[in-house]
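Labels A, B and C are assigned to the chains in the order they are written; within every chain, residues are numbered from 1.
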Amino acid sequence: MENELALKRKKIFKTDTKSLIGAVVMGIVFVIACQITGQIDNMLPWGKAGMYLINGSCWAFFTAFITLIYKQPGGIIAAEIEALTSVMYSPLWVAFIFANAVGTIWVSFVASKYDMTKWSHHILAQAGVCILGNCIVTVGMIFILEIPLDVAIIETLILIAVNWIVATVITKLAYDAVLKSGLVK
Amino acid sequence: MKPIISIDLEALVFPEEKEAALKNIKLDINQGDFIAVTGGTASGKSLLLHAITSAAPKFYPCTIEGTVRVADRNVEEIPLCEMADYVGYMMQEPQNQMISRVVYDELGFGVANMNLSSEEIQSRVGEIMSFLSIQDFAHRYTDALSGGQAQKVVLGSILTLKAPILLLDQPAAELDPKTSSELYKYLSWLNKNEKITTMVVMDKSREVLKYADRVVVMENGTVKDYLNTEEYKNKYQQKEKNRRPIELMVDHEIDIVKLMGASHIYKGGIVGCKAIDFTLKKGDFTAVIGQNGSGKSTMLKLIEGLLKPTEGSIELFGSSVTKKNIGELRRRIGFLFQNPDDQIFCSTIKEEIGYVLKRKDDSEAEKNKKIQDVLAFIGLEGSEEVHPQRLSRGQRQLLALGSVIISEPELIIADEPTSGLDESQSRLVMEKLLLLAQQGKTVLLVTHDLSDAKYFANRIVVMNRHELVLDFNADQMDCFTDDLIKMELM
Amino acid sequence: MINVKIWDPRLKLTWCLFLVLTALISRNMVLDLVLLLTILITEIITEKSLKRFKVIAILLLIAGSQVLIINLLFGRVGEPVWSWWILTVYNGSLIASLLGFLRICVITISAIQFAYNTDATDIAQMLIKWHIPYRYAMLVPITARFFPVMVNEYHSICDSNSARGVPCDTVMEHIRNLPAAVMPLIYRALRISNDASLSVELRGFGRYETRNFQKTIGLRPFEGIMILFIIMMYISIMLCIMFL
């Protein structure tokens, strides 16, 4: 039975109904959390300048977190729900479609190689999410928003540095907490 | 005649657990039976239903020794998605079970999965809408339904499948008395006229026992008793003809809460509550009762400071409520909400209870002592390192209560704290609230459960059509029976 | 009033993609302005007002002003038109900002128009027509269904935090209290999704390869012609941009 097979953490795919619907509901939580953190960023000077450090960390956290719990295609489903819903509040939603997909695929790749019990596993997973995801968003900033190249690069480097550290810590803590709760096997 | 459900279970064991969650269950249920299932917290009631539907082990991984047969077929051999041919399953929270945006689509969800023709789908949905009288809101959004309407829709969606067995896990736990009575009337009609075998995990025993043929009493994962309803009532239900006297130290000189002509009108002119004059004295245990939509929640939100009165005024602890002092006033109040999951977020029980103490200046030793005292009070000592989400709903509500009382509030406001709990869990929570009241705390309980109000509170206040209509001592309830019946609270 | 909601979702998606892709490849302000005006005119024709775009218009203006400020401060395209101390403004920055603003308006408003005019179940049926298994296609209406449920859950959690006096005055308090807002929502999401998935499985979800829908979609001849016309229009614009 698929559900039993997916208990082996290194499996990439989990296509049972629980995973699919779980990914949808958690994708909606992803959207809500991004809204909350976006509003927090807007209260801060860097947010007013268009650099969403807390929101970016939240984005990186959920991208990895949902993929670790629901594997694929749940990770992509949740990621694309967030990307497509972001049309309501972000002009970069087109870039998010690709950034989110790439981020979740990277996490699946890392999770297929490691059991995600160590900090180093999460550091590696978030490295890909933050670097690849932010690079794609940078391309979006340059081609969609017409942001100057040097500004976009500097913003991206700052975002990668902050998001990577913060998201790694939150992902490890939250993932361990959820596994301990017994709500996810 | 072969039983329609036949359970011969030696053991059901979850991974990482040493003890079997269900053990030594031999139970035969005939077609047309109406069975109530009852038992204490974590006795295995819901798990028994999961074993019949084969959700355990297919949905909740576990190992089963023994067999469960439905309509003479071993459920292990039937894929979960084919169980719809035999069993309709209904859970507590209707909003979690509805998958469609619109009521009409939700009613046809199950039959559409069966690949029936559009005409057949329309015919079945139409039939069920008439039976349940839900034509009026057939095109409403599912998230805009009240609890009772939502539960009817979920029932309707299951009935369209025409399964011969209905399994219901506390279906009326979140409903008010009038709506739960209606729901059980429908179930009884289906059982008596359509011969649908019905198995209900008991939430409102008074309603269920009116219609049930037999009662399964569970204890520690096994069937302790399997009796007819009369035998069950004689053995288990102590008839409290007179409510026990409650002695509380009420100080009539001190007002904890005072509403003076308080009203709240929502945007769009919707009346929340009108001209409420209400005073809560120190040491009182007051229950506010009323149907859904009577204004109880609005009145509560006014007291909590979540809403401002559009007319009238509110005083808490003798002071008018302002933006400046609301934070300070709230620190003297403990709130217990309907859904304990709204306030639980830590990874261990100890952390959850001690969260509020982080902001205090007590020493570590003092904090630990307070935490241990609270754990002992709520009956969770020894479980400090357990994750709160592993507890049953009743235990989580007690944990929420613990996290509230650790800051030693003077007033405890409990908003339908027993909603979603079975009777044994409800009793546990209510007894803790009574104990707090007996220790000198003031308790304001909002509930639509009249028996909780009658047996635990010393004063009852009744809301009807957004107004406070009655206010009497709990031991005088019999004098107001006619009024309460007119308001459909009895 | 033209009822766009009854049109086939494939036509509406083609129209949306045409607008988005054209805006993305365009480097011409006039073209972007024409696209934007087309969307607004179609909205007025179908809905008789632009009320639906009120909120997003404010967000777009904020985003646009951020883009303008960044370009004015850091853009180096074109000729310098004004200088003060270390700050030099180039004329290319203004044009780049305007182009960016128009582009984001077109891609965002066209997507919102599509979302408002298309029923989630229609989108599911469209995916099924494209041979996506219905277990995946149905996730679209399921998403639409659970959005208000999870938003209500979040508001309950916020009310609970508010009533408990969880401090939310300063930015630091907001950040510190994020776990108290988000973790309960995550746990609730896990429970809700467990209940929902068990409920649908026990109602036969995934039993057969196909499922029936009470209202089906079907491409009418004029809709098919419109789709072809839009595709041809896009190809023409793309060729013009590439070669002219």
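To be clear about the criterion, contacts are C-beta pairs under 8 Å (C-beta built on N, C-alpha and C of every residue); 3 or more make two chains touch, one makes a residue touch a chain.
Just so we're clear, the structure is a prediction, and the values are computed from it rather than from any experiment.
Because contacts link each chain to all the remaining chains, their graph is best described as complete.
When the C-beta contacts at A-B and at A-C are tallied, the pair with the greater total is A-C. When chain centres are taken as C-alpha averages, the shortest distance to the whole-protein C-alpha average belongs to B.
Centre to centre, using the average C-alpha position, subunit B and subunit C are separated by 39 Å. With each centre defined as the average position of its C-alpha atoms, the distance from subunit A to subunit B rounds to 36 Å. For the pair subunit A and subunit C, the distance between C-alpha centroids works out to 19 Å.
Multi-chain contact residues of subunit A (touching two or more other chains) are listed as 18, 177, 181, 183. Within subunit B, residues 59, 389 each touch two or more of the remaining chains.
Shown for subunit C are the residues in touch with two or more other chains, namely 142, 183, 187, 191-192, 196-198, 200-201, 205-206.
By the touch criterion stated above, subunit B contacts subunit A in their complex at residues 15, 58-59, 61, 347, 387-390. Residue ranges of subunit C in contact with subunit B, taken from their complex: 120-121, 141-142, 144-145, 148-149, 152-153, 156-157, 159-165, 167, 179-180, 183-184, 187-188, 191-192, 195-208, 210-214, 216. For subunit A in complex with subunit B, the touching residues are 1, 3-4, 7, 18, 176-177, 180-183, 185.
Per the touch definition, subunit C reaches subunit A in the complex via residues 20, 24, 55-56, 59-60, 63, 66-67, 69-71, 74-77, 96-97, 99-100, 103-104, 107-108, 111-112, 115, 135-136, 139, 142-143, 146-147, 150-151, 154, 171, 174-175, 178, 181-183, 185-187, 189-194, 196-198, 200-201, 205-206. Listing the residues of subunit A that touch subunit C in their complex gives 15, 17-18, 20-22, 24-29, 32-33, 36-37, 40, 43-44, 48-50, 54, 73, 77, 81, 87-91, 93-94, 143-148, 150-151, 174, 177-178, 181, 183-184.
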